[in-house]
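Input: a single structure, listed below in structure tokens.
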């Protein structure tokens, strides 16, 4: 369904170009679920942003249903059926959740409903709330996922959907991503979460801007377990003199 | 160790007095761990705030080590060994985490160290951070727990320590509360979390401002399971006409 | 009699379809043309100067419409309205001015509203400004609102001007007494060569008096906007001012707020931001299939909602 | 020669123990008393007026101390300093004024610092004010800083006045050219009958010029504070002003900021808050065993850090 072919990406930061992706080749099939995992900064979100047209690759091609879409803009790709749930969704002053959901359904053929309820938010409470700072990071994130569910595109890319999500909602998140996946849908989840890696058909490990491994949970998990944990616990020492003669 | 005897509490909101607690009787023993659970607004935090001296009971007595402390202020109770980790800790502009931890150890006999590391925060990264809006709600909350761990009082009351805490940190939270509990310490955790209810010696159910049940996890859990889940999932319907002819 | 044009203007500024419900006074081209008082809500023309007196009796509930429309060019209309909302009354008052300037002369409306919200009364006040005209004639609107909220009173002001008005200086002065509450929403959109100034001063006089001012504006084209909201706490009052502007094209926006606390129990907060539409906002909406123009439109209309 | 009192003042305002490292100029009671230039950092007395010229050569790194102390009563000292930080230089400059007024007359120091941060240069500038005196003599300090940051330059200003100064009007004017960055921290604590005014104006001139102003103050006793920070973007610059005041006792605080965007790519934000210490903050620290007074002290000293 969605193919990334020989993708290279450089981004400008200040005055110099920084290489982000290096020869990424990926094929996502209909009906399958994928997890993109790997260390922070390895390029997972950039892969998604290239697919969505937010970043334009320096080299390579993007194909959708066999047709090259490399030159299409974000809006056009969205209307063809590619959808992306932001890792850090922007806030919108004055815009109610209801309006955002309506916008999500505007150009979509198979809109979903009850999306707020699916993600554990009470519609009566949230439909009229505005997407500004009055909502917590976790609420904004859940509404972002609900927006992608409402849009219900054929390719659904969730970018770290678990970030900022509390314990209760995480179970619902897993359930709703799984239960809303269909035969003609490709679901891609960027995640470090073991439970998410457990539910997909294939895990793609991204390291240093390229795909270093593809495979099953059994093959990949041992390789990423360590990087998925907080490295701080092993490397940091307590600073400051006041702790000098502490017992531990 | 800590006894609440026949506690009644009324609080003034605007011009009228609202009854909050009604004849609460509780005994907390050294070496034991307790969970205070019950619906939101039932009075769990108020029980803790009466123990700490933040709220002054309208009727009843508070005893610590057999001595009545009803008339003592917050600071004096803290110096005797009662500690309280806030549900919603305030932020402090310009105050580094390090200073807060030092203040926590100032009047404490058995200070703890490595508390940031225990709660999964890298000290090198966090000791100099200021307790203002630059920290997320979850970070502020973890630092609040670290502060109580640093103070290491004989009575430790954690007020919904899991709120705003992400998945990774929750495991650490459970571990650190358990492993820092000692023979001469009383640990009280206000929580809805099943995992926390599983680790304590006794569960206290607070409903409508009074203790409605005390007992083991097996006795209490069935009674609170329902209220602990999001009631919204069962009671809410989607609003707004745009959803009217949705398939589900 | 109201012409079709009059009716269109009234619909724009006061959401009126046909004759207003409740009490009303319609002023057209400098003259009161229709008026209805009700028991407990009396509207009378001023004797010494242009304008009306609106007196609402104690405890009365109801709706009042007092729109002004201008349909002539080279007309300068000045009006003084005195509005007295009696103790414990609960009133929705819809003011506003619509200008259709058919010619190349200037059409100007200057309105002074003096409003008393007596003890424990509640007022929802809406004032919308709208102007149109095929030709080059300037449309000028200078509203001034002087508001006194007595003890325990509540007033909510919604002041809206979306496009069409070439030049405006809006002055809002409020005194909030003990326990009184003021909420004010301002929405402004200017474009072309338009200019808009808004001067607001709120005096928090007593215990527990509060004010919340939310101002949102969009400046497009070559337009110029300037804001000067002032919030003074003479006693232990609490106030929050929030000014947000989206700036586009060659427009300029200036914001000079003031907070002044003369009491240690006062709490005053001011926040202001001027900036363009964030790139991530546009991208987010485009990823839902909207074009860049549609995305911009959706963001602005939400922002000014 | 420096007396023990002089040394104490120097320690307060410039953290100096004995002779400063690097280049320095010490001014006492209206006269330069000690001075050291270094290669590439030249300090020369002005010929036509009181004050010094400090010239730092291109690419030079180092530390410069130019403290001023006043130890006499009934003395009014006025000084003009011209400071030129050459292209690519990296300098830490410690200014500041300490007053010990032994009598009942007025002791006043008015200093004008004109500072050029040339292309790509970097300046850390600290100015501390301190005053003391057993008797009733007024201590007045009026510093004025005029700053030009050329392309790609960086300046960090730390302006501190904690207690002691009876009256101050501080003026800071900055022009930030393309790619230049200004960071300014202001810390003020007043008490008793003291008064402090701070007027800041920052002009963001070009592409990618940025400014961040953080002002924190505590007003105690009967003191009066007034702030007037202005941030103007003439091009696509970005700026953030943050003013926070804790108000106590019978003090008053007034804040009149201004943000003015003349370019649609500009992003300006202002936040101001005046309020007392939050009850929950006090309770939190008391729950750690601090008394209410200790808690208040800890909160204030953190706030002004």
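All chains are identified by letter, namely A, B, C and D, in their written order; residue positions are counted from 1 within each chain.
To be clear about the criterion, a contact is a pair of C-beta atoms (placed from the backbone, for glycine too) under 8 Å apart; a residue touches a chain by one contact, two chains touch by 3 or more.
It should be emphasised that the depicted structure is a prediction, and the values quoted were computed from it without experimental measurement.
Among the remaining chains, not one touches chain B and also chain D. Chain C and chain D have centres, each the mean of its CA atoms, that are 42 Å apart.
The mean-CA centres of chain A and chain B are about 34 angstrom from one another, to the nearest whole unit. Computed centre separation for the pair chain A/chain D is 47 angstrom, with centres defined by C-alpha atoms. Chain contact topology: the protein chains form a single closed ring, every chain touching exactly two others.
By the contact rule set out at the top, the touching chain pairs are A-B, A-C, B-D, C-D. Those residues of chain C whose C-beta lies close enough to touch chain A in the complex are 216, 244, 278, 280-281, 283-292, 298-299, 302-305. Per the touch definition, chain A reaches chain B in the complex via residues 98, 102, 105, 111-114, 116-117, 120-125, 127, 136-138, 162, 164-168, 170, 193, 229-230, 232-233, 236-240, 242-243, 246-248.
Note for the complex: chain A touches chain C at residues 52, 54, 73-75, 78-79, 83-84, 86, 88-90, 92-96, 99, 103-104, 106-108, 130, 147, 151. On the side of chain C, the complex with chain D involves touching residues 245, 247-276.
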